[in-house]
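The structures considered in this document are given below.
Next, two complexes with chain A in common: one pairs it with chain B, the other with chain C.
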Partner chain A sequence: MAVFNIQTREIECKIVFYGPGRGGKTTNLEYIHKTFRKNITGDLVSIDTQGDRTLFFDFLPIGLGKIKGCDVKVQLFTVPGQPQYASTRKLVLKGADGIVFVADSLKVQRKNNILSLQDLHDNLKDYGKSIFRVPLVLQYNKRDLIKEGFPVLEVDTLEKDLNKQLKVPSFPASAIKGDGVGQALKKCLELTLQHLQKELNWAG
Partner chain B sequence: MSGNNLLSGNLSFISFADILQLLGSTGSTGILEIFNEEDSRVKIFFEHGDVVHAETGELKGEEAFFKTFSWEKGHFRFSEDFHEYEKTMESNLTGLILEGLRLLDEGKLDHGEGKNLVGHVPLLRGRFIDYAEIVDEEFFEKDEIIVREGRYGSWIWVVLDGLIQIEKKFCGKNIPVIQLGRGGFIGSLAAFARGDRPRSATVRALSPVQLGVLDAQSLSKEYSSYSDLLRTYFICIDDRLKKITDAYVRIYGNGIREVSEAGQIENLTPEKFRDTNLGMVISGGAQLYIECNGMFLNLGKIKQGDLVGELPFTESKRSYSFYLAGDGDFKIKVFDKKMLLSEFGLMSENIKKMVEFAGLSLSHTASSLAVKMLKLMQ
Partner chain C sequence: MELKEKIYSINKEASLYYSQGMYEEALGKYRTLLKLISAYKGIKNREDLQSKIREKIGAINKKLDYYDSEGVYTQVSSEKKEIIKKLFADVKDDPEYKKFEEALTLAKFGQFSDSVKEMTPFLKNDKLKTEAARNIIKCFEAMDQVDKIISMVSNWKDENIFSEKEARQLVESSKASVLSAEVEEDPVESDFINEPKDTESFSPEIMEIDSVGIKLTGSGGVDAEPVELDVSFQTGNHLSLIISSKEKRIIDNLDVGVKLSDMCFYSPIAVFKSTGIVLSKHQISSGPKKGDWCLDIEIKNPT
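Right after this comes the complex of A and B.
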């Protein structure tokens, strides 16, 4: 649910980085905040939630066009993965216009990836949304760990586990090095704006 | 109550966080007032969509603001009635909201905190427990009895959802002592030391309740790996909580008769050492008292082997203090708290949460007791 700010003629929408705890959501956002300086208007706000931090900042998707003559402003959020942060997760996820699901490529995290995606599905359902319709991309993070000899899931396995039914764009990535971070965000922004366009045309 | 009322409604329909977001995104200027069921009121000042000040009673700024997140029921009103204020807040609104929700999720926003009135049962929440440690789930309907006082059992549960009430019998009546929400524990670690013992209180579901059963075997195994000192600490904290709860129920039933003044008690000394120290009773015994505003209430006997002093995890802003009245042989050996604290680092997360929660219950029940004493003296 994007918000129209009548005073500034802006459409504000929200993209949420979702995924299992310690999977690299925060690293993604930190990389984006560091790298895409010209797109960033405000500070990176960090809330110290146990396990991983909750971050958010405003992002201007330059070059992706306007909607009905309005500028688009995007807020990027991470969600704390730990089960206890139910109210925080609810607030962040409510009104999410697009989602980047950050999966952890580590073998030991296989089950947690699936549980977290299931959790996303359930949460969206609670707000009357379908995971099959919300703009969503998958990011398979921590690919760099292969070189360091860690047991890492094959991309095929991750696809089978997570993307068999969804069939959404997916990106191998290494948030710590920045590989695949920009691509996943850009794709998610495109899908989100397209989705908004479609919804607005329908309404207008 | 004057002012231009622009927007009002009920918190059960639109949450505090949602109203804040709405007023923030519309760039509003004015005062948001939130009233809860106990007629407490928080005023939040908005200027062009930013929160610049909040106040309730004596609290100001973020403290007043965050407190409001624990209010689930009540109503709100937004008006343009804007008067002079001191600027006490300037953080980003979304950041403030997320911080408030974090505090709520971590169980750090308690209702009351010793300010509860007579007849009002304090509510306590704990930190959330990791699902991985839960071996089974159980569901109870509203008003169902989960544990009955006097029956046997040593299961330990954690509240996953809903509200429960701890009640204790006095003269045939069940007296409510405390209510527990998410993260609250039923049962205590001391159960492993003492074996089968009757339950010390009744636990009732106040709403539909989901409980997690903790793995008693692994907890018990961990418990038995601890040093004698740490195990003594667990038992003492449990014992003291029982003493305070019993006194609370007694004063509830008997009233002022239970209370004495300092002059009436012999050998009375504050139970206090240097902050870094604790004591262990090595001979004799003492009567333990709780003191509030110069009045004393007997809590029962401290025996040889018990720990005295400010037990870790029971510290809080206190409206009360503890006193000891020792008998002729009463002797204490003082030792450094560090001996105990060093072992806390080795405890598993769940045991740590249980200990923290026991400490929190202890200080909350003690401050309810102190409030009760104050009310009786008025």
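Right after this comes the complex of A and C.
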């Protein structure tokens, strides 16, 4: 839930990276942490990992500076994607102002992508939010694996599977190389801030 | 695709899945590979390859077993607990309530024993003690320590944090309710109950009563048929009965103070008759029996 401090003209919002286990959410945050140094306002915290699967969440605070007279701070979170962490995933999603859904382009993850999007839909609904109205972008990750000859889904297939009804902005990406990471985040922030401007009537 | 290429490509895929922590998928590929190699007798170093793949499959299975054996929640460092509290406890202006929220948050993130530790001081806070107690009980349930709940609640009662009735409600709404017949019997009475029963000592104070038969008086003063009700809890000659919310007629007929002149008490070894009085009646507000009624009856002189 965004916090808007009228006195200090500070706004703090929450973006959650959601998606199937092993899809690349943590790698997204690691890349953002490494690359957008001047926006980073604190450490990247991982709570906790086993192998490299997230057990609770990752957290990275960033600052966007002044936008329309307001100091904008953003908390980036990742959820644990593995099915068994359903209740933690739902807790971390709570109060999200915007969502980056990281889908895995690997063919073997096709079903998991769909299940995870369904899970997002259900959890949002439980929080009284609609997936059709929440600021959301899709990221089709691990596109770099095409070149290496691995079985990867076509973007068209991913669009049909995940974005046929949502019709939200989508980005082919490689979190490991950084391709598409910034674009997806920027778009998500843009949508989120537009949404908040309308809701909070800020900058009016 | 030539066999060699095929082997190469499946192996490459399996290694990728393995390196990305997709163990089930890696396992599937290694098994396919093993089958393929086993089917072609002419492959050079065939046995060598087979044993290498088997080794990999064994290693993956070990990893999967390990992950399966780990619970969903692991304990995190105290530094990370502080981060969890800071990020997820709803900020309240009241600093005491904030501490309460933080303790709740720890439980939500599976840090049960720490939640219990931080929640315990709130048992002394009249406004928050019931919620604190419920959370502590839930933590013990989550830690699979249901057996500790009864003695803990009993201590709370001894320390006058909760009344007998409140203590009973706490146990009833917990998973320990199945064990609740053991709660609050003072040692003297328990000794009595455990004594070998001889026919001389049939008296409600020392009998274990399974169920009671009550004759209800119909609203028009007409005698209605007797109903049999199970005893959910007994201390001496005080019995607690749980009545389903569907049994409206029974509930309506049994108000506090109503004298039950014609009661049957069924114990494992005998049936006896006596009179009783309704001491209290309340609707259960939480837990699996929510909505049902709890009725306390005192057994009067046996006949």
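What we mean here is this: the second predicted complex is superposed on the first by the 173 of 204 C-alpha atoms of A that agree within 3 Å, B and C clash if a C-alpha of one lies under 4 Å from a C-alpha of the other, contacts with A are read in each partner's own complex, and residues count from 1 in each chain.
Rule of thumb we're sticking to: a residue touches a chain if its C-beta (ideal position, glycine included) is under 8 Å from a C-beta of that chain, and two chains touch if they have at least 3 such contacts.
None of the values given here were measured: they were computed from a predicted structure.
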{"item": "Touching partner for A:P151 - first (chain B), second (chain C), both, neither", "value": "second"}
{"item": "Touching partner for A:F59 - first (chain B), second (chain C), both, neither", "value": "second"}
{"item": "Chain B versus chain C as contact partner of A:Q7, first or second or both or neither", "value": "first"}
{"item": "Contacts of A:V108 with chain B and chain C, given as first, second, both or neither", "value": "second"}
{"item": "Chain B versus chain C as contact partner of A:K186, first or second or both or neither", "value": "neither"}
{"item": "Touching partner for A:R22 - first (chain B), second (chain C), both, neither", "value": "second"}
{"item": "Common interface residues of chain A - those touching chain B in one complex and chain C in the other", "value": "45, 47-48, 50, 56, 75, 84-85, 87-88, 91"}
{"item": "Complex contacts: residues of chain C adjacent to chain A", "value": "9, 12-13, 16-17, 20-22, 25, 63, 67, 70, 72, 74, 76, 80, 83-84, 87-88, 108-110"}
{"item": "Interface residues, chain B side, partner chain A - complex", "value": "17, 25, 27, 92, 94-95, 97-99, 101-102, 104-106, 127-128, 130-131, 183"}
{"item": "Chain A - residues contacting chain C, complex", "value": "22, 45, 47-48, 50-53, 55-56, 59, 75, 84-85, 87-88, 91, 108-109, 145, 149-151"}
{"item": "Residue numbers on chain A that touch chain B, as the complex places them", "value": "3, 5, 7, 12, 42-43, 45, 47-50, 54, 56, 75, 80, 82-88, 91-92"}
